[in-house]
Amino acid sequence: MISKGKYVTDLHEGEGVKAVFMISERKILVARNGKPYAKVLLTDKTGDILGIVWEEARQQVAPLVPGDVVGVKGNMESFEGRLQLRVEKIMKLKDEEVDMSSLVRTTPSDIPSLMSEIRDHIAGIRSACLKAVVEKIFFDNGLWELFQKAPAAKGIHHNYIGGLLEHTAYILRAVDAIYPVYRHLGLNKDLVVAGALLHDIGKIYEYSYSRVIEMTPMGRLIGHVYLSTHIVDQAISKTENFPEELRLQLLHVLLGHHGQLEYGSPKPPMTREAMLLHMLDDLDAKLIGFSSIINATPDEEDFSSYSEVYGRFLYTRVFDEEEK
Amino acid sequence: MISKGKYVTDLHEGEGVKAVFMISERKILVARNGKPYAKVLLTDKTGDILGIVWEEARQQVAPLVPGDVVGVKGNMESFEGRLQLRVEKIMKLKDEEVDMSSLVRTTPSDIPSLMSEIRDHIAGIRSACLKAVVEKIFFDNGLWELFQKAPAAKGIHHNYIGGLLEHTAYILRAVDAIYPVYRHLGLNKDLVVAGALLHDIGKIYEYSYSRVIEMTPMGRLIGHVYLSTHIVDQAISKTENFPEELRLQLLHVLLGHHGQLEYGSPKPPMTREAMLLHMLDDLDAKLIGFSSIINATPDEEDFSSYSEVYGRFLYTRVFDEEEK
Amino acid sequence: MISKGKYVTDLHEGEGVKAVFMISERKILVARNGKPYAKVLLTDKTGDILGIVWEEARQQVAPLVPGDVVGVKGNMESFEGRLQLRVEKIMKLKDEEVDMSSLVRTTPSDIPSLMSEIRDHIAGIRSACLKAVVEKIFFDNGLWELFQKAPAAKGIHHNYIGGLLEHTAYILRAVDAIYPVYRHLGLNKDLVVAGALLHDIGKIYEYSYSRVIEMTPMGRLIGHVYLSTHIVDQAISKTENFPEELRLQLLHVLLGHHGQLEYGSPKPPMTREAMLLHMLDDLDAKLIGFSSIINATPDEEDFSSYSEVYGRFLYTRVFDEEEK
Amino acid sequence: MISKGKYVTDLHEGEGVKAVFMISERKILVARNGKPYAKVLLTDKTGDILGIVWEEARQQVAPLVPGDVVGVKGNMESFEGRLQLRVEKIMKLKDEEVDMSSLVRTTPSDIPSLMSEIRDHIAGIRSACLKAVVEKIFFDNGLWELFQKAPAAKGIHHNYIGGLLEHTAYILRAVDAIYPVYRHLGLNKDLVVAGALLHDIGKIYEYSYSRVIEMTPMGRLIGHVYLSTHIVDQAISKTENFPEELRLQLLHVLLGHHGQLEYGSPKPPMTREAMLLHMLDDLDAKLIGFSSIINATPDEEDFSSYSEVYGRFLYTRVFDEEEK
Amino acid sequence: MISKGKYVTDLHEGEGVKAVFMISERKILVARNGKPYAKVLLTDKTGDILGIVWEEARQQVAPLVPGDVVGVKGNMESFEGRLQLRVEKIMKLKDEEVDMSSLVRTTPSDIPSLMSEIRDHIAGIRSACLKAVVEKIFFDNGLWELFQKAPAAKGIHHNYIGGLLEHTAYILRAVDAIYPVYRHLGLNKDLVVAGALLHDIGKIYEYSYSRVIEMTPMGRLIGHVYLSTHIVDQAISKTENFPEELRLQLLHVLLGHHGQLEYGSPKPPMTREAMLLHMLDDLDAKLIGFSSIINATPDEEDFSSYSEVYGRFLYTRVFDEEEK
Amino acid sequence: MISKGKYVTDLHEGEGVKAVFMISERKILVARNGKPYAKVLLTDKTGDILGIVWEEARQQVAPLVPGDVVGVKGNMESFEGRLQLRVEKIMKLKDEEVDMSSLVRTTPSDIPSLMSEIRDHIAGIRSACLKAVVEKIFFDNGLWELFQKAPAAKGIHHNYIGGLLEHTAYILRAVDAIYPVYRHLGLNKDLVVAGALLHDIGKIYEYSYSRVIEMTPMGRLIGHVYLSTHIVDQAISKTENFPEELRLQLLHVLLGHHGQLEYGSPKPPMTREAMLLHMLDDLDAKLIGFSSIINATPDEEDFSSYSEVYGRFLYTRVFDEEEK
């Protein structure tokens, strides 16, 4: 096993580098003096760094494709105010030679413990019918494996291996937390829990994520709102004596979880269970999305750069009275 | 078989009436003098007329429920500028005693001939896979019966028995007509034809229409965009060797047929086939919807009353040069 | 003290009534036979009933104005399908003669215990500055009294005495419940708690609610978003050494709590604390609003009537597996 | 006549070029070493290629202006992943020396045969009044010449010489195709045909297109919706006995052809004829626009780049069952 | 000449009435006892009053149609809280027998003096070309007569004879007032003045207003934005040597005067002159519209009823410091 | 005092420069040959010029920060079609050594004379209460100084020292001009004048403008709509006997001045005074904004580049009849 070497987030200007990365993008260009050079985007689980190859660019880089694992030797320098890696040597490694998990962005949470949390939530469903359907989906056809890997997004939040799992687990925690506050309203908690577990299940097909996270044609043309609902509907049709009324309500929770037609739900939430799931889903995405933008903003900035997704600047300061 | 008697559209002020209707609504009220009276909405395939029962209102009307078939005797009068039927006698009939088809609003087109048109279109699909799926859906589980009855809407257009059939047949005719104009673009015609046949198939569960057309809980909470796609997806999963690529494209045509997210399509049309089906679907709905409003506007009015659905008044005059 | 008699929700067709109500509206009309009669809307804490006065309508009703407390004698009857009270005698009572609390719609929760919950939350604020400001606002100028009376809305939810208190307490419970789920993000919980306590404080001036809930000119022209923020800003300016940075963040939480400009927030939430408060505020309003519509829908209806506020029908069924 | 040489779409990396182009843009710049160089955008009817002039850039390029025809000698190279033409020699030619039609983007359809199609459609109008007006417009003042040259857009679709003609002809074909499907509705086909012929007639003034397609000040400040309608209205005012009712309906078809106020129609379609023309116009623009984006997407991409115009990615695969 | 008698705004409950009105609407109905009665809407220049005819309703009312002038004898009474006129006798009069100007709603301003103001503004245009076109339009084909009669709207503001004139004159006053404030910006004042005079000129065909103000089919299907521009464009085409550049700018001012596409301008204002005219037009409409709603609100109300047009309640109080 | 030297707008290609500027931005970069160089944005009151430092870039530029005043020696050259200043020497100067007013963008109007205009308007307020509040705000706590410096925007219009003052003065002139046109409507002019003076007063805290104009965190998180209203509300609370009714109306004018919720007004204008102020505020911003874009467009262009702010191109030609 070849040692990973330094992680992207630990690289500093001026130092020598010998490390393992994955290639996310690569381009061979011609400099103004007619000599070819290459740009490679080098990735590990902590982020990306741009590599520039001046020496034997064509020979070294032409054979590489995105997703390839490479060993790189070079020096860190600064260009136009940004760090880059001037690559002296770059060569393809075999997947078996490296610790792949050091190269792919992954949830900072502990995956096995999140998985066990999910298992507990499934076990806690009191409705036999709902539990049967949930178990059929999670445990019957290999989906359990995919579920712990899929991201929940490509963009700002949960955009890493285990993102879907993490997002699901947090919504379940939020359901557990909020439900007692509104217990007297008589909501069907099982429906909300099942909705939390299943609403994004289609995301395992919406993204490809073996190496780089990309939206699949399935994701773009069909989308996880339909996919999740269809997967559940199929499982229901294979479950004996599943009440039609319950099917209606569960599918509605799934179809409505984007909250509004213009966000891709063909029906807006018309039950409290659907509304509650939608809002806790949204809350998790917004809190993690905001946090992710704030964390990516340099410390000396009061505001993030303008976020197209949220249509606003975000303020990055947390007031800590004791500090002041 | 009891004779139908006069149809709603043939009733005039001042004349006596003895006819068969279906009850759409009914209310028992108390007049200011303390005496009970009743209002019944009487329907046949040509429309509705309000009936007022002054005599023995409670005894006569209490046993009746919407959907009941009744024989009515009374006189036509005008109240507040509208025709109404002053009912002297109203009594429940058995379904077997009357010609039910005279009571329920039905497409003016010939259903068997439309059905045969549909059959021809299915037969004309060149793709073996698509044809197999379409045939499985239409012919394998009794859906063929429902398909010739379902309405395509509750509101302005195709809001009658056979409406879905009629709407489907007209879109197919339009596909046949338009396709040659754009043949050189290389669209997959089979996809458009299959989309036309299947996009609204979920409407057979979106409405109840045995007697009165109502949206079902299934229609309100789930809706035909999902239902149609799910039905097709299930049929595909039961069809051997159906290409995944074709599945993707067909489901996309179905999901996108409302054209925009805010109209209930979770994905907008991203292929020309999906766009073409969406636009021909919309064209049929708009032409029939406009026609239906224009036909319902009294001859002496230049404009319809304001249409909330279309956000405009419609102009009712067709210019006929020869007439002038 | 005159006995309340039957409550509105306990009245049935055909029975005699002798009870105390508050007048919400009243109109004297002339019947077609030229005789005057009167309609009075009679209210108690459980709801409204329409009263019709045929006898000596002018003499009995002319002296009454909305807000007056009256003793009423009459009989329950049904007109156009709705219950109404045919009033024989109606006469003004003095406020002291009746239990006013039986007449005004009031939160079903226990007000003293909610107040003590609020007190605990204030006590639990760890930031000395924030606690000082919150205490100044609640305890320094009689606002504590108003706070336990004000409604939180005139429309669907929390539209009764104690509504603001109840809404505030539930958001605080939700903050307490959700905060631990996201503790690792490092949000300033005190800010969220202070925001929950103060964001709607301006509603004590936005509505008049001594007898009937109405929006005041202050509410219509200025609104509680500004009022709450201004009240807090003033309290801050009277608090020594309140950090300017904290002022900024607290005011932002308050200004942003409607979530979007088009809902009346002059700034959208740009911090996670502001976003969290907004979403928990919205969640409470939506869950209670949905519940209130669902509860008001007759048991036999699957769907509520169309809600203009939410732009949808609501589904009223809660699935209870054991029942089925 | 100087030979055109290679067309833009036939150029490959590494080969020498000697060919004729039109200049669309040109800029003289200074390299970091202080030496001037120039960028010229070279166009022919198949597309654009960027030329870089390093030698005697100022002397060679300064005299040239956009629209000039030039002979170019140089070599094809790749820079930053894109083809460019390293120009050795570039010199102005006279228009007479070259085949101008090889330089300007032009409809792939046969213009004379489209023109004859238009003529047939005019001849086929049954209404004498409408035909008189259409003929007056097309044949009385030289418009016939402009009509075969004008583009129908500057952007994605029909953005070439003959584009207006092609767009018009296709809508007419679509009208002919669809009309029989809805004949029973009693639409006035002449109105739709006249609308198809005339709705975009103002585009001959909306763009300049002698060499490069640009929107004119007339197009930007006034626009073809008004211009078309005004041209027709003027022709009507010069036509004896043109019925006022028909004028109203024809002008309405023209004003409404963008379908909605926010797309520049001062009135939305209120007649079926206006709605039909709008939808067939839209259908042609969308099918050609989609096709044009799909054709411009590299074969190996499943999706086009994001289209701002359509607010979506387009999927580029056509499923061909036989191929698979 | 028959005396007008009391005006609508001077009628009080309980008094006898003998007066002349115009009929705006009329309906013959049947009472619950089977006897016919009639409702007539009686109008004079101060407003409308509902008349009820119990005696010989059919004989008296059947011959009357909207627009007829009638003499009425009866008594004022109150029904359901509203004043109405119980008609004893109603009979058609000839137009010549009455002072028509007392019956039709008319601007409170002095028409001849407003017309002379308009004349002065025309005389004050410095551009010979613009003045020529304006004079041709106003003075060459009888439009001068229509211009002093046309309303500027059917709804809230300027909805009376002379409304267009009044609206035009006030905008001109506002142009004169504002122009000096921004003189240094170098706007072309003549363009703004010509725009003010001409932008609504098409309204003379958008409404019918000989007796009752109605939108014409021309107004609904074509609208005054096009009509005004076309009228001006035609006048330009008959004016020798009118500069094309000036035509462009003037037509743009006219087309853009609604300010946004969604309000019916096919182009938004792209020049300062167009923007200025749009905003002064809007200001006049809003100030008069607000005033008209405020004046129509009963004195004891702080707020108007909800205005659909403006999407808000209006506050009716003007603060007068001296009064208080 | 060091001489300013040439202003940015007077610099031409090829000439030597020795002048004083302020630094707006600066970056140290590394060229492809590994040598560091620097980019500095040099500003004076007439505009910005990019400076490139090749010699001893790190030594010369590292010590400088934005806002620093510098003396610069170098030569003007053109790169990629744009002027830039090749800097030989750049060194920090002390503020005292230069005329700061030559470096900061400032209103072209005369500040003292605008201030005196403001003073006159304050003096002209007839309402004692309003005048007291306005005077308290302007004269009691140093705000008078800030008021003459603050900009009214960062973007297109009034984005310079004195911008707020200029904007305020012009609105007041417009109020004075327009008020007489609508005097008969009985608006409270004092309210409009006070609103004009105070509506943007919060902008003195919304921007920082000692050297460069930036939006402050206060501006981004809180905004001037709230700030202005709160400042006025506080002043009112310190004014004895200020009528509550007047407070309500004044605060409403301030809160409503953005005209619509989606533009940041928590309440839309519900009084004519609020509407009038909003529209004159908007008119001033639009006329100055349009002018500023038109002035910045090169003379040879008919249209500005696309303005994101206004969502359109602007036409730059003013038609001057005499010229032609």
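Each chain carries a letter (A, B, C, D, E and F) given by its place in the written order, and its residues are counted from 1.
Just so we're on the same page, a contact is a pair of C-beta atoms (placed from the backbone, for glycine too) under 8 Å apart; a residue touches a chain by one contact, two chains touch by 3 or more.
Keep in mind it's a predicted model, so treat the numbers as computed, not measured.
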* When you check each chain against subunit B and subunit F, which touch both of them? -> A, C, D, E
* **Angle of the C-alpha superposing rotation, subunit E to subunit F, to the nearest 5 degrees** => 180
* Chain copies touching (subunit A, subunit F) - same or different residues, decided at half shared -> different
* Result of counting contacting C-beta pairs for A-B and B-D, higher pair -> B-D
* Average the CA atoms of each chain to get its centre, and name the chain whose centre is farthest from that of subunit F. => B
* **Separation of subunit D from subunit F, taking each centre as the mean of its C-alpha atoms, in whole Å** => 43
* Structure fact -> Distance in whole angstrom between the CA centres of subunit A and subunit E is 61
* Asked: Hey, how far is the Cα centre of subunit A from the one of subunit C, in Å?
  -> 42
* Asked: Counting only residues that touch at least 2 other chains, which ones in subunit A make the list?
  -> 217, 220-221, 249, 252, 270-271, 303, 313, 315
* To do: Would you please name all pairs of chains that touch?
  => A-B, A-C, A-D, A-F, B-C, B-D, B-E, C-E, C-F, D-E, D-F, E-F
* **Complex contact set, residues of subunit D against subunit F** => 27-30, 32, 217, 220-221
* To do: Please name which positions on subunit A make contact with subunit B in the complex.
  => 217-218, 220-223, 225-226, 229-230, 233-234, 237, 248-249, 251-252, 255, 261-267, 270-271
* Structure fact -> Within the complex, subunit E is touched by subunit F residues 126-129, 170, 173-174, 177-178, 180-182, 185-188, 190-191, 243, 245-246, 249, 252, 268, 270-272, 275-276, 279, 282-283, 286-288, 290-291, 294, 303, 311-315, 317-321, 324
* Using the touch definition up top, name the residues of subunit D that touch subunit A in the complex. => 31, 77-81, 302-303, 313, 315
